[in-house]
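Next come the structures, one after another.
Heads up, the next two complexes both have chain A, just with different partners, chain B and then chain C.
== the complex of A and B ==
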């Protein structure tokens, strides 16, 4: 096996051959029923066509599908672009978002490897050197000292040398998409170095300077959102039609008349969902509408461009795209003169609009922006809804979306709710700010080119599969329905695909869903059985 | 760009086998793509689903919610899976010539 032998110099190898290869038995062992590696699904190999066409010489998969250059000249032009992007990454004029933490990360790393012990990708891979958080960062660090600081021989001796060529750049593109940017490593680093940020900054360099990004995030993601209003492709007419359908469906199902208010000027709250919820998990926006109405809130949805889709994929790969979308969100709120924006169950939207957008939104665009969690907690705890926990008398565990807990510290509100309404609630270990990513973070949940989903379920999601199986250890019997509460669209997409991949619904009746569904399911005014134990 | 070839006809498709240009769809396209999705015969029920998807797409430019598809066609989700073994999104939409869904769906 080549994992022990991998060195930093290997990243520049001209040979068109992956640096590492993963076998099932090398990966982190899983608990029963997967204690025998032969019981996990087979990893599909990349096709000969893909290997011939795209840069896929990092590991067994390919996330970004960068075409192989046709000539050395083309390669050199790409490397020159990379260098100019590298310069910009370290200049104040061009990196107005993250320059300081990036510089600190470049200057201070004690190589203590505390981060590696915290990384679910490294651990899930069976501690493969390629996925060690510092492997990626050390490459950028050496490039920084050599080409940005222009260190000479002494610097090369002090910081280590590196050979910059196209194979390095091509592999680094892929390697920047082997990190979920969950920032568990950053939280644990005794010095505060942020290896998750390194993956982000590399993606940013590739997108902003070289026009290279995962197409799901850029072409059919942020670009589509800015054009029609939503990355799902829904324009205002389509979203209103869908919400009207959801209102009708939820009214019928619950026996409570639900009507979603649109474009109400002067409402207290503008609620923005991840629009994927509307299409894939309509019971979630439906439950929100029912709860908000029942609690007597003054709220509205917006049919402005991006006003009905909280996604901001730019936060994963491109600051300019991020800023464009964040401004659209704030403009929708300003137009309706609402008091605040509340974000639905979507982790990265929380990070984008409530935290990072502080760098972009000034003046009358700086409208208060909040997570839905404290608001839902207040509603549940206030007694405004009549709730019967007996209606949720099945095993429930709570997945923590990284952006809510680790980035924002929103840990307790969602727990207060489930403790109150779910008698069989049990925590995953560890949880809260120490949670593990679902493996779909930073956009992976919507990326499945070639065999990339094999990587994200077998490696990135592995730790989470272990946690879920352990949380339901004593009740895996399929006669007992179990609910994995994941209050984030991206996490839900990952769980849907990953639970199906490991056949955990069919074999063990583990269903996934959001938080508001559990609240409505417990409401005594609602017809029993809001949560349908059917796969979706 | 991958090409899907069947009975001497060639279609440009994306990497998941969805028709690149939804505009060139015809009933023959549905028949040609049926083979890749484990559908042996297109019954009137299949056409009911395909035509609904097609008309919805022409009106709104996207695929409908699955729940809506079920309600409007009168089929339960498991019946749709019986008709289209790879499911409504991957199977039925592909036969109806819709592009692959985008965003967090």
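== the complex of A and C ==
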């Protein structure tokens, strides 16, 4: 279907055909070397088997893999379930957590489309109507006025009508997973409506009422974390073993003895990493341990369930799961009687535990929580570490994780650090609270079902690829190693996969990594070359 | 005489409906439970040094031990340009702002002029000497010019918005018949008021007499039909606005102050924490098995249950 012809009514089409098809030449143009669309990687089509089995009639991909109902009765039952969830979404007892901002967004959107200009998914897709922030919201709004407010003809005349059927619900499930919930759109809305919240609330409805969520977020995400302690599958013993190995490796590599303290009662700080770091980027928790020890901090890690994995995927799709994991984090801190929790380099964990859980954790679970960024800034600026910026004399740019920056206001500490220790630091444009999402936000970084990763690199991550290429535009030559600092595990996951997808390491020597690695790399007490210029 | 009385009654009734409708909306939103924190930066009441880059008090270590001064100047500097000049729209959607700003500024002028006119009329009833002579002339000029300029700007803006809604492909998809009606309603109402007032025959009541008549229920005044139609439409419009999303001036207060800029931390033992404790006693009914809600268990019970380990943990 031609994107110009897409209307709101199309969402209810019974035809088992995607509403839109994306062609490389329709997407937002990229700068050199991708200015020729033929140079971008090919998009893998969905297999016939997948199309046969799952509801994938939205676009060219499939994120949630909802099985196709076998009968009209089954469809009707699912629609009835959706309707009952819709009612709950707008009720105080069921959804006190977000009712006020959701109602405000439903009631007052002026449909001026200012939000669309701010959305990297919409822009990246070449302004495809399906990905316009208001497309999803307007469908929910019409359903809200029709079925929750019980609006009749007059309401349909005022707010617009929509036909509710299973194809609409199935497509809406998928469409709720085409938004990074970076809330850049909300930041520009003159009224203050929040289309990112709409995606969040839809996911919540599907999860909490219909039991439908992306497998990576629920089954192998929050459920696994609540079962064994970490969505990586590591139990306490495994994580301790891994950290012991990391300590050994970092000690050898840096020439400084590193030992991570475990379960130290009464320590000042409980440090919680995204456990993905431990497996995928062990130098990151290793660098943290080295810095904290060198700075003489009183700190510990916890082997309590979820106490060693800061991830909280519930923040993207399910309030109950979110609260459960946040409570587990707080319980780990309470048990150790620490003075505060410090979050490692993970954006969504920052936002989830520091800010959103602020109105879930009460009484003795309300333990102070803070970002690692100001703490690292204070350490670096205090002179407690001997640092030589010349060791970081290569082009560096800084990615702003949305959760940390736009949604939490932690903007400068990380900049103060890179400005001090990276002589060739340059900003992406725009940056800070106006940044663009990496395209992996809201769980996408860990989601690759079928060909979904093609969508997240070609569409969701497109704007970020443009920003990275522009930041390094004068030094793209592969003889110059370049460092993309992304102080967030999920962003790093997205960059790892996306830089590989566009071959930016092989062709242009753009490496990604965290912030603490740059600090340790600049420490004069450490053997030179902590950052290894090799792909991982 | 009866017609005039009906007109007065209608205007009063519409004003009451408008006020009541706005109050109901504001109260409805104010009574909703406190939501989870969902702020967006920059938050303009942050300290000036942090506000310039959009930072928050979370940029400090041990932030809970440090004062968090409220930057009223910062908030006013953000609010006033937004309220008066639609700063966000100007910055992020210039084509729309070029149409929306005249419309809204025209409305402000009309509302301001009506207020000035009402004040003048009421004072002239009790202390006419206060609004006579040069002051009276200035006031007359101010509310007349303000009102007429406001009507012209509002109509021009509404026409421009209407044309854009009808011709822009991207807006058309989201435009309902109600949206078209709303803009046409504004255009017709203000056009009627404008022409009805300017073309009123000699001897017809002036604006100030109209308000005085309204205040004193002076039924001896006779209004020419075009002006009376404009007044009826104006009254209807005022009553209609709170029933639509055009009352976004109410919503905007909440979206900005209660969502986007609500960065209040829940400190241990605070009143905010007590409110949350109340919400944790709510009993949801979400149906997915992993939630474990049945209408009897509280939000706190559910949050303390580990579905992966089959019970309370």
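One rule holds for everything that comes next: the second predicted complex is superposed on the first by the 535 of 536 C-alpha atoms of A that agree within 3 Å, B and C clash if a C-alpha of one lies under 4 Å from a C-alpha of the other, contacts with A are read in each partner's own complex, and residues count from 1 in each chain.
One rule holds in what follows: a contact is a pair of C-beta atoms (placed from the backbone, for glycine too) under 8 Å apart; a residue touches a chain by one contact, two chains touch by 3 or more.
Computed from a prediction, not measured in an experiment: that's the story for all the values here.
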Return fit or clash for chain B versus chain C, each positioned on chain A through the superposition. fit
Examine A:446 and indicate which partner it touches, taking first as chain B and second as chain C; both and neither are also allowed. first
Under the stated touch criterion, which partner chain does A:235 make contact with: chain B (first), chain C (second), both, or neither? first
Determine, under the contact definition given at the top, whether A:425 touches first (chain B), second (chain C), both, or neither. neither
Of chain C and chain B, partner touching more chain A residues: C
Touched partner set for A:118, first chain B, second chain C, both or neither: second
Taking the superposition as given, does A:221 touch the first partner, chain B, the second, chain C, both, or neither? first
Could you work out the angle between chain B and chain C as seen from chain A, using CA centres and rounding to the nearest 10 degrees? 160
Thinking of the overlay built on chain A, is A:311 touched by chain B (first), by chain C (second), by both, or by neither? first
In the overlay, answer first, second, both or neither for which of chain B and chain C A:275 touches. first
Return first, second, both or neither, reflecting whether A:457 touches chain B, chain C, both chains, or no partner chain. neither
Partner chain in contact with A:436 - chain B first, chain C second, else both or neither: neither
Superposition-derived minimum Cα distance between chain C and chain B (Å): 16
For chain A, give the residues common to its interface with chain B and its interface with chain C. 224
Contact set on chain C toward chain A in their complex: 29, 32-43, 46, 50, 53-64, 82, 86, 88-89, 91-93, 96, 100, 169-171, 173-179, 181, 244-245, 247-248, 251-252, 254-256, 258-260, 263, 265-268, 272-273, 276-277, 279-280, 282-293, 299, 302-309
The chain A residues in contact with chain B across the complex are 49, 65, 216, 220-221, 224-225, 228, 230-235, 237-238, 241-242, 245, 249, 274-280, 282, 309, 311, 346, 445-446, 449-450, 489-490, 493, 534, 536
Show me the residue ranges of chain B that touch chain A in the complex, using the header's touch definition. 2, 15, 60-63, 65-68, 71, 77, 101-105
In their complex, what parts of chain A are in touch with chain C? 4, 6-8, 81, 84-85, 88, 92-101, 103-104, 107-114, 116-118, 129, 132, 134, 138, 157-160, 183, 186-194, 197, 207-211, 218, 223-224, 226-227, 318-321, 323-324, 327, 340, 354-356, 358-363, 366, 368, 370-371, 373-375, 378, 405-413, 432-433
